[in-house]
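Two complexes are shown next, each including chain A; its partner changes from chain B in the first to chain C in the second.
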Partner chain A sequence: MANTKPAGKSGYRYLVEYDRRIIYLLIFILVLAPLLQPFILPIQVSPDTTTYYNVLNGLKKDDKVLVVFDTEFSGYMEIQSGIIASIRMMFQHEVKVAIAVAHVEATGIPQLVFDQLASVMQEHNYVYGVNYINLGYVFPNEAAVAASAQDFHTVVRQDAYGKSITGTFLDDVKDWSSWTLLSDYTTGIQSTALINHYGLKGTPMIANVIGVMISTSAPYVSSGIYKALLGSMRGGAELEYLTGYPGPGLTAMNSFTLGHYMLMIAIVLGNVGYFGYRSYQNKLKAQEVK
Partner chain B sequence: MVDIIEISITAVGAFLAICMFTTLYGKSNPLYALAEESYIGFGTALTVIWNLLFIYNTGVLGITQAGKYALIFGILFGLMVLLRVSNKYSYVARIPIAIAIGSQFGLALRTTIFTGFLDQIRGTILPLLTGSTQQMIYNWTIALAVILMLTFFFYTTELKGPLGVSSKIGEYVMYAAFGGIFAQTFMGRLSLFVGFMQNYMVPPWKIPWLLGSLIVVFGAVIVLDRMHLLEKLTPEE
Partner chain C sequence: MSEILKSRTLQMVVLVLSFLFVFVPYFIDVKVLTDFSTQLITIAAIISAFTLVLAVYSQFRRGYTFVHRRSRGWIFKAYMMTSIVLMLIFAVYSQTSGPYNWVMYAIITPLSSVNYSILVFYMASTGARAFRARNGRALLLLITGFIVLFYQAPFTGAFFPQLTPYSLYITSTLVSAAGRMFLISVTVGAIVFGMRVLMGKETSILGAAKEEK
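Now for the complex of A and B:
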């Protein structure tokens, strides 16, 4: 807490120099407990998430959506609720979905998503190549993103499993203008490139970003490049609530609430300890001078 | 029925992830080193394989199937970069690197003016007198905060009088923004942790593997620490 090693006896001393591992342990317990015994409380839906929901709700059958997993696997942990809820909505609207990956660690995510949404896909008769396709790692850098926006088939010739994409619904895709929507799930790897080469040209874009990116992504909503923005796991939970399919987002909200309460208490205690101990030391010095 | 492959993935994943978490114990330890090195090895291999596949799909198939012979130059430039490891011919690598930097610069420059500058300004020019009361409050807050904070960054004039007041308020608005960003960052990091925990707790058959790994790994670290073996067994960086 304080930079200097405290000396002397004081009630504040413990608050200044306690073992930080206690905080880690408390966070672990506070996150674990609600997950062991999950319960779902109603949450308030923000206007941002409502706009995001409305954009997805406006999709029509056979619209073409380019989904980009622009994240490391660790980032997927944070935005998986948004990914699942969004793609569920796309499948429910029977749109054609192409999944592209912009980080090698995300190459396993499409299969995880398909596994979790297998029942919805079955219900709406989703056929690989006709209604959806997994393109794999096709956006390693800005040059690839730019080239795909100009001529999609220059960059993408095979899907993630090595099969030619000829004969799939991607035959109709020529460039950036062929997509009804670009949905970016991002930790910021190629998001700027996607904005530069798709969003600025006119492809409608939505994004589900991690918590640290919310403030920097918000201006793109005001300027109209993003049609809507879904923020972190909280946004995912709100979308789950709106769609009526509770998932990992909603069950995590209690862990969040407890974790955030703990942070607030830690900040208050830390400040009480710091200022209290400083005042105690000043008193000691004054006594020594006397 | 859960198959053996899924159990193996969960068991190894939970064990290595908890090994990574031992960094919170505050001391170097061999289990953390094991997880770290495993991750680096796995990550490097994955990157190499996927990028080679990308080169094959885009470059090789582009030439052989689509007849786009200009891609030969791309492959040649790529091979020239490999000469960087040669003492004698390393200068050759500078040519494709220069081309890559130049083209990347050209690609980004045209659009960065819009995304990084013009659209950011457009994003702050908002209707102040129309829309719902809530929206008007949001828009006024954004507009005023931008103006006040910008006055804080006037470096070539003395900040006194109304400008001084404005910059002072701007400074405090900035502190409030830092607080907001810090809270968002905490939420983001907590999301990562909650997401990880959910991944190893749903479905419930995974819970014993997570808790078992936790007890075994942290137990081992504490025992090794008590026996003063942590430093001895941890490989040097």
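Now for the complex of A and C:
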């Protein structure tokens, strides 16, 4: 870029060398404005989200679902809309849900989810230990995941609150084959371990991944290991739309859309500036030669 | 006795046997073997959990050296050690209420979220500055990026559904192929590494490599 700096003044110069804080400011405004002054922009539901919705919709009463919070708090902010919408669907279908955590920061997430879905849980008479359970940080590494897949009770004996899991619905769980579905909400910490020890053995899996993981997770859908993939916050928003319960995802979609458009405009202007610059510099050089 | 236990040959024999006990039941369903494999994996899981204690011990030893010598950034080490001790005490008191809960939801949650969210500023700025159609390949990248970015904005699909098949084609062919290539490379690398370990050519996992000072 250094050799393209103009000798004289050019309007294109500002399109190439503008202060990056202008971008920061614009992003800040575009994220904040829709939150301060909410408005509705229509969205399109992608085929991936529809498939994901259909998998959850196929759950039957008393099916057993292992939900894994395989994320830090930072990742949770991106996929929380998918988490809330998915678990809401599970509760509405009255399936039995066991929540396992694969990152120490995620130990706080189950309570946040239960608080947000308290009304649904009450409506469907969810009782702790009978219909749902929080196992806490039971998947710190691949060995723990592998052991739980082969003999669940050798690894997991207590819930997150230190109470024995004996007498809960987990009495029926023996190994990987006991689960109707494994639902992974992931930033990639133990997702490979879950695929290796659950998915490849035959446990049906779905995953809600952060944006940067979509391309590396997609092959698992075509290979049949993932029954469906929910991508990032956008997927969560689409799921909220399909379920008819607007939440944090749909709220964020306006900022999401405007941010994308702003980035595209910035790229176009940057290219206009770049080529304008080069042309301007070439003209100057031609004049010097003459 | 200690010499025997330290023997590289014995370590290799244990390693190869452990591998076989876990690997073979994937292909041959023999109950005794499967049960033994499960026991072995459970032992591994428990031993792995102890590495956390080892990590805390290492952090404290390193942190203490920093503080004792007043090395650059020693105050952060002191802060880290104090935080670890406090969180341990809080967690013993209660994990579902009280100070542990408060630290979790009032400090760790927002800090972790902010840490991730501020990336958007750098990504947007870098994207705006780095995407230049300098040559044919860069132009192709730019066009592809544009189609995907345009599609990723949910509003676009609602008003320009004609764009959807093109974006889906790109993600399901080009992007997926790149993802597959990445996964296959990583897996082949892991297999090669495993084979080297089993053949005794990669001794670092047995602690043979020099410890970092």
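Please note the rule applied: the second predicted complex is superposed on the first by the 280 of 290 C-alpha atoms of A that agree within 3 Å, B and C clash if a C-alpha of one lies under 4 Å from a C-alpha of the other, contacts with A are read in each partner's own complex, and residues count from 1 in each chain.
The rule we apply is simple: contacts are C-beta pairs under 8 Å (C-beta built on N, C-alpha and C of every residue); 3 or more make two chains touch, one makes a residue touch a chain.
Please read all numbers here as calculations on a predicted model, not as lab measurements.
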Contacts of A:Ala266 with chain B and chain C, given as first, second, both or neither: second
Which superposed partner A:Gln150 touches (first chain B, second chain C, both, neither): second
Partner chain(s) touched by A:Leu35 [first = chain B, second = chain C, both, neither]: first
First, second, both or neither for A:Ile43, with chain B first and chain C second: second
First, second, both or neither for A:Gln158, with chain B first and chain C second: first
First (chain B), second (chain C), both or neither touched by A:Gly82: neither
Chain B versus chain C as contact partner of A:Tyr137, first or second or both or neither: first
First, second, both or neither for A:Ser215, with chain B first and chain C second: both
Touched partner set for A:Ile27, first chain B, second chain C, both or neither: both
Contact residues of chain A, present in both the chain B and the chain C interface: 20, 24, 27, 31, 74-78, 105, 107, 140, 143-144, 146, 154-155, 214-215, 218-219, 222, 234, 256, 259-260, 263
Residues of chain A that touch chain C when the two form their complex: 20, 23-24, 27-28, 31, 41-44, 46-47, 72-78, 105, 107-108, 111, 140-141, 143-144, 146-147, 150-151, 154-155, 160-161, 214-219, 222, 234, 237-238, 253, 256-257, 259-264, 266-267, 269-271, 274-275
Chain C - residues contacting chain A, complex: 34, 37-39, 41-42, 44-45, 47-49, 52, 95-96, 101, 104-105, 108-109, 112-113, 115-117, 120-121, 124-125, 127-129, 131-133, 142, 145-146, 149-150, 152-159, 161, 164, 168, 171-172, 175-176, 178-180, 182-183
Chain B-facing residues of chain A, complex: 20-21, 24, 27, 31-32, 35-36, 74-78, 80, 104-105, 107, 136-138, 140, 142-144, 146, 153-158, 192, 195-197, 200, 210-212, 214-215, 218-225, 232-234, 248, 251-252, 255-256, 259-260, 263
Touching residues (chain side chain B, partner chain A) in the complex: 24-26, 43, 46-47, 50-51, 53-54, 57-58, 61-62, 65-66, 68, 103-104, 107-108, 111-112, 114-115, 119-120, 122-124, 126, 142, 177, 180-181, 184-199, 201-202, 207
